[in-house]
Every structure is written in structure tokens, then in C-alpha cells.
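Common to both upcoming complexes is subunit A, partnered first by subunit B, then by subunit C.
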Partner chain A sequence: MVWQKTLQVILFLVLAPFAGGLLSGLDRKVTARFQGRQGPPLLQPFYDLAKLFRKQSLVVNKLQTFLVGGYFVFSVFTGCLFFAGGDLLLAFFAMTLGEVFFIMAACSANSPFSAMGTQRELLQIMCSEPMLLLAAIGFYKVTGSFMVDEIVGTRVSPVAYLPGMFLGFLFILTIKLRKSPFDLSTSHHAHQEMVKGTTTDLTGNVYALIELAEWYEEVLLMGYIALFVINREWWSIPLAVLVCLLCYFFEILVDNVFPRVKWDKMFRSAWLVTLVFGGVNLLVLLCVRLIH
Partner chain B sequence: MKMSQSPWLLHYDGSSCNGCDIEVLATTTPVYNLERFGVINTGNPKHADIFLITGGINSQNAPVVKQIYDQIPDPKVVVAVGICACDGGIFKECYNILGGVDKVIPVDIYVPGCAARPEAIIDGVQKAVVLLDKKRQQMDAAVRPAAGRA
Partner chain C sequence: MGVVAFLIFFPFLAAVILSRMKKQSRARDGVVAASCILIVAAVIGLTVKFLSGGTSHSYLIETPVWNAAILFGEVFLMGVVFYFGIRYKKYYVLLLSAAGTLPIVWLELSGRGIEGRPHITVDNLTIIMCLIVGVVGSLICLYAIGYMKDYHRHHTEYRDRSSFFLSMLFVFLGGMFGLVFSENLSWMFFFWEITTLCSFLLIGYNQSEISIRNSFRALWMNLLGGVGFSLAIVYSTLTLHAANIQDLVGFGTKGAAGVFVLVPVTLLAFAALTKSAQLPFSGWLLGAMVAPTPTSALLHSATMVKAGVYLLIRLSPLFCGNAAGTMVTVVGGFTFFATSLLAISQSDGKKVLAYSTISNLGLITACAGVGRYEAAWAAILLMIFHAVAKSLMFLSVGAVENSTGSRNIEDMHGLIVRLPKLAFVMIIGIFGMFLAPFGMLIAKWAALKSFVDSNSFLLILFLAFGSGSTMFYWSKWLGKLISVSHGSKRHPDTVHKGEWVSMGTLAGLVVVLCVLFPVISSGLVRPILMRMFHTAAVSVISSGDIPIMLLMLCMIVVLPVTARLLTFGKQNKPSLAYMAGVNEGDDRTFVDSFGQKKEMYLANWYFEDIFGEKKLLKPSLALASAVIVILMTVAIGGAF
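Here is the complex of A and B:
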């Protein structure tokens, strides 16, 4: 059992960056095709990362490097916890701690762009986290456990009981994958809008760590999507992979169809969507349980 | 993997008439499609590899250009786009113009033209990325003997 979990963690540590990088590459390629462009090579994110590791690193202060390291470690740790079949709530708190490290790193830079980016990053967390927590509670209500390896052992896919949660999760996935709104501090469209917000003062290998952590996080979010689909049958795993890819494609589509959504729209709508989709779903589950 | 496979570009408008700027932006459109070489048009000097400048240098923008250049981490390449950025162009004799970009920072690639054609700009960027690799090699070569002595 311990060996199996160790193997799962090692597999995640090794394969997640490749999967995350490939997803990013696919994203840039598909986005380019949507816009009538040829797009960069599929492996472009790996070229970018390799370049960043070989660039000179201008360190603003040593504390920032430490804090970025903390963000990276906790992003990876969250993924390890999740893919080893650990506690969803613990994974959620570890992820939040990682984000706190990231925000502190940006705050330590003393740059107006970083400060503005930090404020938007905090708003982003405020908008997206409730849905993540609600989804974890939803999984608990359906399967009776917060442990990932017990959730994947259910008879019926959780999405059958949690369709609202799934839709709500898809909504915040747009924010979490840094697709939309475009003026989020770490959005990949923010290269011009506010000079890349929180990462403005990061260079070279320190910035590369952020990119790498994002790939781990991307795979973790896809894992969350898969958790909605996987049950004890073998065929649910390929189905989950297919659903993950479809969801990712859907997010790219949303990004391209609504390119000018701003942070204030996210701020106004995220909690509403969470309440309507997640809250109502939870309420219905509770009512059904009461009746039975 | 080479540095040249991921050139991120920073565009600064010195005192350009905007002719060259429009052509620079045209290179990122679907028609000329600079992104197919992995180029990202970044707004942050700390993330940039190529510093692309249009327009001549005057006393107001000289310190700005110098500061941006200093903020770009090594290896970096400077591309002067348009005849004004190369040597001042038709504004050369004006009282406020100091001259081309090379009056304040070292320029690696000169792209002439008024305005510079998108094809010429892409050509300039392509020459710049080759230089990026060369500069990285020089940096490695400079570090190795020093490490050997230590």
C-alpha cells in the first residue's frame, strides 16, 4: 500500500510537468488556430522554461526567492497529496498556503505593478476558493469521505449527484487556469496590460519556478475534474481523461470567445455562480438525504 | 534547447512617428505571425530577451532607454528598427535629437527603412535570435575559465 502510494507520488512528480507543459503548448496552438494564426511549436512552453533557466537572474531581494520556493513546494505538495489519494481538505489548505507564499513573494518586491497584481490575485482567490471548498463538501456528501482514494472507489460517478457543482467548478476553472478575466495578474494575456502583475519583478530561474508550479497546478485541476467522473469501473478512467481534455478545450474556447472580460465582472459573478450551482446542488443533496 | 527558440520581445517607442510601431505590431498579426517563432511581445523588460526600439533618441528618452536596457537580464540583444532608430533619420538635424539608439546603448542589429517593412523587422528579429545563442555561449565561456581557476 505504501509502495503503491510512493509510486503514485513519484509518477506525479515526474509526469505532471510534461503533461502540464504539453497542455500549455496545445493551448497556445489551439488559441492561435482560433485566431487564424499558425501558432508556436507544440513544445514551445518547454523551450520557454529552458530559456528562463538559462537567463541571468536579477534578484530583487532574497526573501522573494525563498517565498517563490515556498509557493513551488506547496503547489507540488498539493498535487502529491491529491494523487496519492490523500485528504481533499488538506490538499485545499496546502494549495491556499502555497498561494499565500506567492502573494507574499509579490508583495515583497515593492513595485506598483506587483502591488496591483497582488490585489487582483487576492480577489481571484476570494472568487474561486469557495467553489473548491464546496466541491470538496459535495464529494463528502456523496461518498461519505474526503479521501481521494475512497472517492474514486464509488459505485456511481459523483458527477451524477453533483452536476451543479461540476458546472460551478468549470466556471472557476476559467479563473484558476488563468484564462479569463484577461487582466488577472498572472493571466497569460497580461504581458501588456499590467506588465504581468505579480511576476513583474521575477526573472530567470525564479520565474521559471513559477511557470513549473503552474504546470503542476494545471494537472491538479484536471485531477479535480477527473474526480467528478471516476468510479470503481475501469472504463471510467479513459472517460475521465476524455472529459478533462474536453473541459480544457472548453476553457480555451471560453477564453477566445470572451477575450475582454475584466476582473470586476469575475468579482460580481463568481460567488453568484458558486451559490446558484454549488449551493443549490448541496441543498438538493441534503433534502434528498432528509427525505430518505 | 537553445535560447533562440524562445525570444521574448520588448518594444519601446523612442520618438517614432508611429510608422515603424504600426509595422512592428503588424508583425504579430495573423498575416506576418511572428509568434510562430515562439516570440512573445512582452511589456516587461525583466522578462525580455530582445529590446526592439523605434524612433530616434532625444534627451528626454535617453535615460529611459538606458534604464530599460539595464533592467533586461543577460543575454540580451538590441534591435533598432527604422532609419530614425538607426541614426536619427530625417530628424537627425533637429535640435532635440541626439541621434540613433547607439548614442546611448550598444545596438546589435540595425533594421533600415522608413517605415521598416514587416518582412525586414522579422528578418532583424531572426538575426537577433542567432546572436542570443552566441551571447549565451560567450557567457558560458567566460564563466568556465573563472570556475577552473577557483
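Here is the complex of A and C:
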């Protein structure tokens, strides 16, 4: 049991960066095609990351490096917890801790762009948090457990009972992945009005840590999507991978179709979607439980 | 019994001595410090003795003399309220005070009072409360010695009545000890009114126009709650022939008497909601900010507001699945959510703390109202963690205010450079308030689980959205503290030694408690809950998660080392923050494209137009009032 969990953690630690990097390469390629460009090679993110790691950093203060370390450690830790079959809520709390380290890192730079980016980033977290929590509660209500390894052992894919939650989750996935229209705090595109937002003052190997952490986070979010699909049958696993890829493609599409919105629109729409899709789904679940 | 008597009487004795002493004298400092040490020692002694004995004790079954003394005390308190009401021409408080006190006096004098039941009880919950009141309260008193010196140096416009102030702090502690030990409702009511009156005197300490106005607001709201309390006593004495909390809980809500139990329970819950500053009674707690910081720290973290939730937790088994429980959970959950939004729009440090206090109390209230084992577990742990972390926050904001002259969060920009030690303590406090693996979060987690298990749809939504906004207002405060502006001057550290002792101990407690919470849970919380809810022990946080949380704590502690390793020992080059112009080297000014020097100021977001008091406060008050009135009517009306 312990060995199996250790193996899962090691596999996650080793494989997640590859998966995350590939997803990111795919993103760049597909986006380029959408825009009628050739696009970089699929492995370009890996070359970029390797170069970043080799570079010396310009640091604005020593504290920041420490805080970025905190962000990295807890993002990876969250993923480990999730993929070792741990508690969804605890994974959620660990993720928040990592995010707060990230916020602190960006704030400590004390530059106008990262400061503005932080406020937007905070708002993004505030927009996405309720839905993440509700989704975890939805899994619990359907499968009777918050533990990932017990949720995946369910008879019927949870998405059958959680269609609203799934849609709500897709909505906040755009916020979490910082894709347009919700790439407010920092953007992967070069038309950011705030330079690079939260990561403006991060360079070289310190910035490389942020990139790497984001890959881990991307894989974690895909894991969340997969959790909606996986059940105890073997075929649900390839199906889950397929659904993840489709969702990711959908996110890229959205990213390229919609222009960036203002923060208040993001806030109102995210909470409304959470309330309508997540809330109603939860209400139905609770009512059905009461009848039984 | 000796220790119990000591804890109730000694603070009053200390208060009398202090009120007679000269202000700003060494001897007075010594008396305060010695009294604090004695109280902490007595509390710890009581805890050890209790834990080695293991069972609860009840005392004082036949007490005609003490009853008479308490009766006299109640009339005396009414007299004091009358005096202030007439002196400041606020005649409505006379009415409220009379309406609360006279029914009790009538009950006792007409011989309808019920005798033969214990008046004092020591059980696990009282021990927990004693630890909170004794340890945290004493640390706040210790802090007050140094704080009041600086306070009067900065605020020469107020008359120095610090001896009175310190003695009132001790009266408060005595009142709280009395309240938690009291088993008899009339006795509890007496101590309840002591805390009401004492908070009134403490809030009005400065005697400025605004503090008098706010103190009377606190007085009338709490007296109104007192009226509810006294009606509950009268009703339960006359109809149910019960004057004891345990007896009241013993009736249960099923059975013949069950319907009638709901009447006093609803009234008591109403009293508790006023004391815990739930919407729509949040006004008094916000107004209490005008007083010196130890007041806020004492009222908002360890004592006053905890009295309300303590009563709710005592009554918790009676709230399961009835209108009274619905009233408590809905008001509590709504308060948690609404005030966490309101806190976003505030930039005054103490005001953010006040709103977050109301918000957290809302969560505790909601947990108590659910009326189930797990929820009550969460409520008790929230109460413990909140007392420690919140008092730490109040004390450090007070210390920052005395050092820099401002308690505005915007002015705390870059505190990590200017006052590193205080900033560090504050960061620990904020971490303790909302992040894993620290206490508040553990309890919030348990609260969420119990809401989910009891299918409380509204509460789940309140918690999900409310924790998002809670994260927002704490994180942006953290961001302010941690901004590093180059070339900032360090402030001289003017914090007194006693203040450091309090803040250091509390910061240590925040960290230690997240290691110790399983011990507290199994040693103190679980046994009492099993007795209260007649169920077997349920582990609320699964045992597999505790090592993971400890691992997280260790990771935070070793993070400085890890961060070194992660950057692979590369020599990083120091540089200046990017400002889209030439940074002048101090991170505050830059030269723009026209070659002109420009000042830069970084502000947090407050969303005045969405979450501001102007926008949200009135609707929230109206909604909460409507909920209370309707559900109280339903709950009480259901009995007839």
C-alpha cells in the first residue's frame, strides 16, 4: 500500500513535467495554426525551460526567491497528494497555500506591474475557489468519500450525477489556466497590458521554477477533469484521457476566440456560473439523497 | 472548588487593588504581571487536576446566601446602568436594564426560584473556556501594561485613566470565569450582565463623543440580549421547573416537554447572537474599535464574544432539526458570508479584524446551530484557534500603530523591511487565520464536512463563497506586509518587553496548536461531545490526514533551506523592480519618458462600489433582522 503510493508519487513527479510541457507545446502549436502561423516545434517549451534554468536570475530581493520556492514546493505537493489518492479537500487547501506563496512572491517585488497583477490574481483565485470546493463536495456526495483513490473506484462515472459541476468546472478551468478571456493576472500572449503581470520581476532560473510549477498544476487540473470520468472499468481511463484532451482543446479554442474581459465581468460571471451550475447540481444531489 | 473560587474572586480582588493604585507606577505594573501569572497558574493547575481526575464536578447545591448575593449584585448592576443612562440622558437603556433585571428579582423574591440543583459545574467545556480566558486574557492584560503607556503618550487629548482601564480588564476576566463555571441560569445571567456593563465601560474609556455613542450602542444591544436571557429564565422556571443548563438540555426536543424547551432555547440563542455580534447586532463590535487595542483584543478574541458562542455550544444538542437551530445556522452562515465580503472593502487594520471576527463567529454560530457532533467539534476548535490567532493579530496591529502612528493596512506597505519582527509575528497570525495546516483551517475543514453531512445546502454555499472572500482580504494584507521597498528606513522598535512576551507566546501558540490539536481533541473535546450528543466518538479529520498536515508544517519551516537548493546555488544578480521607466533606486520614484520624476504609489483593491459598507451593510442588516424575527416567531409560536 505504502509502496504503491510512493510509486504513484514518483511517477507523478517524473511524468507530470513531460505531460505539462507537451500540453503547453501543443497549446502553442494549435494556437499558431489558429492564427495562420507555423508555430514553434512541439518540444519548444522544454528547450525554453532548459535555457531558463541555465540562466542567471536578476532578483529584486532575496525574499522573493524564497517565496517562489514555497509556491513551487506546495504546487508540486498538491499534485502528489492528489495523484497518491489523497484527500481532495486537503489537496485544495495545499493548493491555496501554494497560491498564497505565489501572491506574496509577486507582491514582494514591489513593482507596479506585479502589484496590479497580484490584485487580479487574488480575484482570479476568489472566482475559482468556490467552484473547486463545490466540485469536491459533489464528488463526496456521489461517491461517499473525499479520497481520490476511493472516488476513482466508483461504479458509474461521477459526471453522470455532476453534469452541472462539470460545466462549472470547465468555466473556472479557463481562469485557473489563465486563458483568455480570463488571463488577467498574467498572460501567455504577448499583448498583455501589464507587461507580464505577476511574473514581471521574475527572471532566469527563478522564473523557470514558476513555469515548471505551472506544468505540474496543469496536470493536476487535468487530473480533476479525469476524476469526473474515471470509474472502476478499465476503458474509463483512455476515455478520461480523451476527455482531458478535448477539454484542453476547448480551452485553447476559447483562448483564441474571446478577447480579455474586465475583472468585474469575470467576478460576476464566475460566481454566477458557480451558483447556477454548481449550486443547482448540489441542490439536486441533496434532494435526491433526502428522498432515498 | 478552591481553585474555581479563586478564579472567580481573584480577578475582582486584583481589579479593586489596581483601581486604587497610582497611574504609570512600577508597582502597578508588578501587580498586573503578578495577577496574570497567578491566573494562568491557577488555570493550568485546574486543568491538570481535572485531567487527572477525569470527570466533571458539580458544586453548591443549597446556596441561599450566595443566591442573595447574586440577586444583590444584579440590582447593583442595574443601578450602575441607571446612573450612566441618566447621566448621559440615554433613557432607553434604563428601560432595557429594568426589563432584564426586574423579572429575575421578582422570581427570586416571590420564592419561585428553583433550588436543589448545582450552581457551579466544572467539565471539559469549562476547562477549555478557562484556558482560553485565562491564558489568552492574561496575555492581553500583560500586553496592556506597556501599550497603555505608549497610548497616552500618543493620545494626550484623552484623560489617563489607565488604572481604571486595567482594573476593568480584570473585572472582565472575573466575569468570564464566573460565566463559564455557572450552571445555574440566573447566576450565569448575573455574570453575563457583568460582561455587558464592563464592555460598555471599556468601550467608553476615551470619553470622547464617538466613544460614548459607541459604548451606548454596545450597551443597548447587549441589554436587549439580556432581556431575552431573562425571559428565558422566567419561562423555563415557571413552565419547565428548570433553572439549569444541563437540565434544560436534558429535556431534549423530543417528548412532551420538548416543545416547550424550544421557547427558552430560542430566547437564549437570541441573547447569544447579540453577545456574539451576529448580524444585525454587529454594530456594537465594530464600534468597539474606538477603545484602546487591548479592549478590542479582549472583547473580540478571548472573552465577550466567546460568551455567546459558549452558550450556543452548550445548547447545541437542542438545535438539531428545529426552527431554533435553523435560526442560529442561517444567521450564523449569512453573517460569515456577508461580513467576509464587507471585510474586503476595509483598509483600516482594526476594522478588517473586527469584520473578520464577526465573520468567524458567524461560522462558529452556524456550527453550533447544526446540532451535531462533528459540527460542535468544529465549533469548539474554531473557538480555541480563533481566540489565539485573533488576539495575536489585534496585539500586533496595536503595536504597529504605536510604532508607526497608523493602523491602516495601506501604511503597512513594506513592514517586513521597516519593522521586521512585528511583520513576522503578523504574518504568523494571518497564516493562522486562514491557511493550512494551521488551526482555523482545520476547524473550517471540519465545519465544511459537517455541513455536507447534514445536507445543509445554504451553509455549504455560504462557506464555499465566504472562504473565497476570506482568502482575498487576508492575502492582500499579507501582500502589503511583504513588499520590499529598497532604501526603506527601519522604524525604531518601541515595543515594550511585556508586549513582546504576549505576542511571542501567542505566535508560538498558533504554531504549537497545529501540532497539538489532535491531543486537545481527544483529551478535552471528544469526551464532552460524546456526553452531550450521546454518541460514540467520531473522528472528524481522518487520521491519515494529520501526518500530511504535519508534513506541510515541516515543509514551511524548512522552506528557507529548500529555496536555496531549488535555485541550484546560482549566484543571482540583484536588480531593481521594473517600473516602465527608470527606477530611481528606492522603488518609489521613476523617471518617465519625458525625463520627469514621478512618484509611484501601490494600493490594494477594495471594491468600494461592490462590497462597500454603503452598498452591503444595510441590506445585510435588514435581511438578518427579518430572518431573526421570522424564525423566532416560528420557533416560539410552534410551542403554543
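Annotations
Everything below uses one rule, namely that the second predicted complex is superposed on the first by the 285 of 292 C-alpha atoms of A that agree within 3 Å, B and C clash if a C-alpha of one lies under 4 Å from a C-alpha of the other, contacts with A are read in each partner's own complex, and residues count from 1 in each chain.
The criterion applied here is as follows: a contact is a pair of C-beta atoms (placed from the backbone, for glycine too) under 8 Å apart; a residue touches a chain by one contact, two chains touch by 3 or more.
On a predicted model such as this, the values are computed, not experimentally measured, just so you know.
Of the two partner chains, subunit B is the only one touched by A:44; subunit C is not. Within the superposed three-chain model, A:73 lies in touch with subunit C and out of touch with subunit B [touch as defined at top].
In the superposition on chain A, A:58 makes contact with both subunit B and subunit C. In the superposition on chain A, contact is made by A:35 with subunit B only, not with subunit C.
Once the two structures are overlaid, the count of subunit A residues touched is higher for C than for its counterpart among subunit B and subunit C. Shared-chain residue A:155: touches no atom of subunit B or subunit C. Once the two complexes are laid over each other on the shared chain, residue contacts for A:202 go to subunit B alone; subunit C is not touched. In the overlay built on the shared chain, the residue A:134 is in contact with subunit C alone; subunit B does not reach it. Touched by subunit B in one complex and by subunit C in the other are residues 56-58, 195, 200-201, 204 of subunit A. Residue ranges on subunit A touching subunit C, taken from their complex, read 53, 56-61, 63-70, 72-74, 77, 81, 86-87, 89-90, 93-94, 96-97, 100, 103-104, 106-115, 118-119, 122-123, 125-127, 129-130, 133-134, 137, 140-141, 195, 200-201, 204-206, 209, 264, 267, 271, 274-275, 279, 282-283, 286, 289-290.
Residue ranges on subunit B touching subunit A, taken from their complex, read 1, 3, 5-6, 30, 33, 35-38, 40-44, 46-47, 49, 71, 73-75, 136. Across the complex, subunit A meets subunit B through its residues 32, 35-41, 44, 46-48, 50-51, 54-58, 191-193, 195-196, 199-204, 207. By the touch criterion given at the top, residues 414, 416, 435-437, 441, 445, 448-449, 452, 455, 457, 460-461, 463-465, 467-469, 471-472, 475-476, 478-480, 482-486, 542, 544-545, 548-549, 552, 555-556, 559-560, 562-563, 566-568, 570-580, 587, 600, 602, 604-605, 610 of subunit C touch subunit A in their complex.
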